[in-house]
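Shared between the two complexes below is chain A, which pairs with chain B and chain C, respectively.
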Partner chain A sequence: MKNDRNSFVFRLVITLFVILAINFFLPRIMPGDPFSTTSEDDSGDEVIIMTEEQRLYYMSYYGLDKPVHEQFLVYLKNLLKADLGRSIYYKMPVSDVIMLHLPWTMMIVFGSTVISTVAGVILGTFSAKNRKKGSDRLMMAGMIAFAEIPSFLLGLILLLAFSVHFRLFPLAGAITPFAHYSGPVEQLWDILYHAFLPVMTLSLAQLTGVYLLTRNTLITVTTKDYIRTARAKGLGEKTVWTRHALRNALLPVVTRAGFMIGIMMGGVVLVESVFSYPGIGMTLRSAVVGRDYPLIQGILLVIAVSILICNLLVDKIYSKLDPRVAI
Partner chain B sequence: MIENVNVSGYARIIVYIQALSIYRISLSLNNTFSKFSTEGKIGVLGILVIILMAVFAPMITLYPPQKITGDSLESPGSVHILGTDELGMDIWSQICYGARMSLTIGLAVAFISGFGGGAIGILAGYIGGHVDQALMRIIDVTMALPSFPLLIVISAFLGPSILNVILILVLFSWAKPARIARSQTLAIKKNSYIIAAKNYGAKPLYILRRHIFPEVMPVLFVLIIGISSHAIIAEAGLAFLGLGDPTSKSWGMMLNSATGFSAIYFTPYWKWWLLPPLFILIFLLLCLAFISRDMERILDPKLKIKKGV
Partner chain C sequence: MSLLKINDLKCHYQTEINTVKAVDGVSFEIEEGEILGIVGESGSGKTTAALSIMGLLPENTAITGEITYKDNVISSLSEAEMDRFRWKDIAIVFQNGIEVLNPVMRVGVQVIEPMLKHLDISPDEARSKCADLFTTVHLDPKWMDSYPHQLSGGMRQRVILAMALSCDPKLLILDEVTSALDAFTRKEIRDLLVELQEKNGYTMLMISHDITFVSSVASRVVVMYSGKVVETGPVKDVLISPRHPYTRGLIHSTPDIFVYKDLWGIPGDISAGSGFKGCPFFSRCTQKTSKCNETTPALIPVGGGREIACHRGGIAGLLQASDLSYSYRLPDGQYLKAVDDVDLEIMEGEVLAIVGQTGSGKSTLAHILANVIQPATGNVSFMGENTNAENYGSRLNGVQIVFQDPFNSTSNRFTVIDAIKEPLDINKIGSEEERVQMAKDCLELVHLPNNDIFLSKYCGELSGGQRQRVALARAMVMQPKLLIADEVTSALDVSTSANVMRLLKGLQNRRGFAMIYISHDLSMTLKIADRICVMNHGRIVEMGNSHDVMLSPSHEYTKRLVGSKISV
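== the complex of A and B ==
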């Protein structure tokens, strides 16, 4: 078991290394270099901006004349200092841009994780209790069909229905622009009001996974001997379900919640674009459109690292919850 | 295929194998279809309709998809069935031709990564030892990579073209079929009929072709459907972000240009510009999902496929 866990951490480290390597080498395998710029004057003739001497100077200034492995080490060293370079568009350090937008993303991702987990467990339990009855079948069919709609298309539907057609929710943004709040309650309300549809989209997209997992694990668990023992002891049906069945069925759900954060961090780019929600996903989109390469790389790194951290946390929490794993 | 037969003896053998397996597949497909539930049948019919739309796009549309054939933002009517976009291009034509894009990418990615990854997995499982261990490590890392963010970054750097999108998607989706094919192969390898065949002097290639591949094949087929729907979603997502191939109109590109049109939500344009690509994408994905669920159900007693975590 010990060995297994070491290999798990080792795998995460390797994965992180691969992402760093992709991040580092992608711009370098592109043709050209940052200083071989030319421009055109009014008559359309090419104007050389830098002389060869200047170019070499800048190459050595930015360390681009060193061998690749040394550049990679410098890159890693800068990363340790949380130096991700400067954004071309925002004209400020990439880490600052990310810090400005990350809280919004964290808020909607965590919000949806909680909502979809709680709702999924409740619906799954309901379904498992009414197994093979009409309500269970209907719910299963609906949920399964629902799960196949990718989150950004679902988001578009919700946006068109609730914001465009019924005009119940805002079309874009995370707060009302230029708003003056009379108090923190009003401000919180405004934030929740803007976050509602994005959070709904993400939660609905993840709901089916939790629902199916809860339902199926519960159904497996209820056939176990200790459930029969609990019933034979004369425990009430409610105690059997909550204390014996659900408690054991929740283990995989916890794992699922952790991985869900990872999946959502990937999907959130599209969902934020749909709702023009100013998180890092939306920033990534505008960075892609504006070809702001340092920012693109920085955001990728943040997303990747947060996914890896979640996986690590899941592993830790799981061994706490299930003593059988941590031997 | 028939012209290829007289190229060389080698090619003839390959064609023969292909013909055999295609015959076998079509037989088994026919059998499976009769086992499909109503949903599954709807799925198959839906996919057929979309394939027909893609194949006969020039015949069922009146206008080329990328030519200005009408006024800007005409509402649906007798001239343009589904209206026109902001440049005056016909929406119905774009939908039909866009089907080609989605289907091409979905099928190409699914078949390359399904059979390629499957072959790698079968070989690794059969050979075992260090090769197998090394492959498992690579698969672990590939599956742990956050695919969609990486997809965005790589296509932002490499530039948007259909080929790049297909290549990148293959790079991220071969691992699952490889892993499942490997574990299937490991299980099958232990069967006594394989050991018997070996003792009778069967060559590894023969065993792989006659015994292992046909057994792994159905699972790969289910995975291929899943991968193709993932690939279609990924392509649509990339195009929606503005990373689609600008030379072709895909459904994702339509979504991108419609949502990028300023103040579209304050006008009625979204009703004929945004809804058609949205609905047809969802329809295609639902059809694929119905088929894959049904196939899984049919295969289930024999094989357990873990749906993605």
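== the complex of A and C ==
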């Protein structure tokens, strides 16, 4: 037991170190530096053109003129003090920038995970119950074809259709700018209104995976002996399906949902860009464009850590759900 | 009135490739309070029959026939209607498997679940009833809160049993309840079932391939083979004198009944193919006729509450001998009665051992049965024909004898090939080429080389073991229905005789001929014989199943014979 725990912590430390190293060196391998942004840049932001003298001043101000390995050691030392550094672009601590944008991302990621999981389980159950019938075949073919559309393209289609053409939803942002709310309900409504399309895009992109997993697991589960036992007990089809079949089929679905949260934290960049949604994905994009090293490092670290946390949570939840793996 | 009645039930699994007739025209009844056993090998359709009673067969099963429970035809009910009968009237104890119980539910909850559904009972009452049930099946109620994987196989089987008893069913179906358990647990479960039956008078349908287990609990037994019933009857009668060749094969391959005998399964596999119209046991039967290949025999009552499905009316007699006696004239003019008023019957496919000390008349009897010498009185009939009318030793499918001493029974001056095909030559069977081929085939049967070098060797050049095998091949070349082996191993050393014995029994098992094995060696006899007949002073003093005769001899002489074994 103790050995297991030790080796677990050891592996975690190694993983974190590798992530940190990649996070640190990857931005620096990219061409350019934070202070040589040129007007050709397509970010559309205000372009600051500096003289060579100014550039060197700022480089030494942020410590970027030192040898790379020294910078890395400083970075690690600061990290131990929970200091992620200062964003060059925002001129404020990286942690503050992340805290400003992370909640938006978390909201759409969690929201879409819940929606896609619930919808996928319902559709998957329907399909499994009607296995080999027309409705199942049609649904499966449709779902698989649908899954081939990349999420950013799907986002673009939704944006063009519902925001540009029908003008039902906003084009950008997470809240109406400069809005005054008469109460929290109105504020919540505004937030949901803006989040609707990004959440839908992410949900739809996830849906097929959950659907197929639920359907196929259910089909496997319904051939198990305990389903026959439940039928023999005369419990009725509804109980057999929910309490016995679905309860067992949900184990891998829950696992998948947990992993997907982590993976989506990184994958959300494209969807946030399409909807100009101010989450960490968008922030990461502008940080990359501006070569904002500390911010890039900070966001990548947050994403990596959230994936690790999600994996850990999945392990914990799974052992709660399935008594066979409980220690 | 019977509690459950099954009438001409057919369950055919329809896959995309073919149709599997798992149950094919089965009828039986279970009386209230009775324990009925269904036995048969795996694949015989026992479990399918049980599942069809519960209405649990998969959707791709075509079911015809009628299952009547009390006055309700339950075979035609919908799922929802069937749920009214499930568990409350008919419950099933499944074969113990790791996934028979839901792996993510506590076992207590799984036992309580049907009570809440079918009985008018509160959750607290159900829980206390569950604890009582656990005590009934000798399981500590503290295990109620554990998960299936935390229990041992025996404990899980008890939980499954407690679960089946939870709604006090009228009919309890037990499907292979002990097959996965060790002998100790098996005994405990058996005792528990008997105890429950005595206390509560459950009607039980017990399905198992374990004929000893079934016969220790059930009162009647149904023997199934390839989806059909081949024999039914009171369990003790069936066990002691099986009438169908399959039942006999099943009993003979049960080590619990034949403790000392070597294990020899029933050779061959179930006759398959949906186009096959004959008897399902055809391909493995030792007494088939052409009729067996054409029509399926019906189950016919044969008296004593027994029914049997066999065109030949069950295991047929092969050779009958009555009132045989034979005397040798001694030099002093006295007569020595070697065989004295012997009656004997050999059934198709069985191995009968005749044991007795030297001079008890065994060999003389063997020679009479083989038609080598004529009896003074009495007669022998083979397959219903009197031996005086036709010599059954000189034709194919007759009687052949292998003698004690291979050095005298095969001529030194004969080559191997001549020795083996001699009976064919004498009786003018087949062309010369066919005779050589038959001889070569027989050499292969007895595990001797059949190349030209070996064929042209003289018998005098061979070792004792080889010569005895040549003698055996010479008998086999006539494809006998009955082989008489007269002390065939007594002239051989231990290892060679063991090889010859295994060869002999293997041939018998595979080819299905009957065998009379004559020996004074009890230990050897026990390894191969189905029945034993003990001779002393020319008379048969005791005859019965080999294990009965050896384990509990009734005659004084047999007791002495058994007692005279030298133990190490």
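Everything below uses one rule, namely that the second predicted complex is superposed on the first by the 262 of 327 C-alpha atoms of A that agree within 3 Å, B and C clash if a C-alpha of one lies under 4 Å from a C-alpha of the other, contacts with A are read in each partner's own complex, and residues count from 1 in each chain.
Quick note on the criterion: a contact is a pair of C-beta atoms (placed from the backbone, for glycine too) under 8 Å apart; a residue touches a chain by one contact, two chains touch by 3 or more.
Model, not experiment: these values are computed from the prediction.
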item	value
Partners on chain A (chain B, chain C) - clash or fit	fit
Partner chain(s) touched by A:183 [first = chain B, second = chain C, both, neither]	neither
First (chain B), second (chain C), both or neither touched by A:288	first
Per-residue touch tally on chain A - higher for chain B or for chain C	B
First (chain B), second (chain C), both or neither touched by A:134	neither
Touched partner set for A:160, first chain B, second chain C, both or neither	first
Touched partner set for A:237, first chain B, second chain C, both or neither	second
First (chain B), second (chain C), both or neither touched by A:303	first
Which of chain B and chain C A:265 touches, first, second, both or neither	first
CA minimum distance (chain B, chain C), superposed complexes, angstrom	16
Residues of chain A that lie at the interface with chain B and also at the interface with chain C	none
Interface residues, chain B side, partner chain A - complex	137, 140-141, 144-150, 152-154, 156-158, 229, 233, 236-237, 240-243, 255, 259, 265, 270, 274-275, 278, 281-282, 285-286, 288-289, 293, 309
Touch list for chain A against partner chain B, complex	11-12, 14-15, 18-19, 22-23, 26-27, 30, 144-145, 147-150, 152-153, 156-157, 159-160, 163-164, 171, 256, 259, 262, 265-267, 269-270, 273-274, 284-285, 288-289, 291, 293, 296-297, 299-300, 303-304, 307-308, 311
Interfacial residue positions of chain C with respect to chain A in the complex	54, 56, 79-80, 82-88, 91-92, 94, 97, 99-105, 113-114, 117-118, 147, 149-150, 163
Interface residues, chain A side, partner chain C - complex	224-226, 228-237, 239, 243-244, 247-248, 251, 321-324
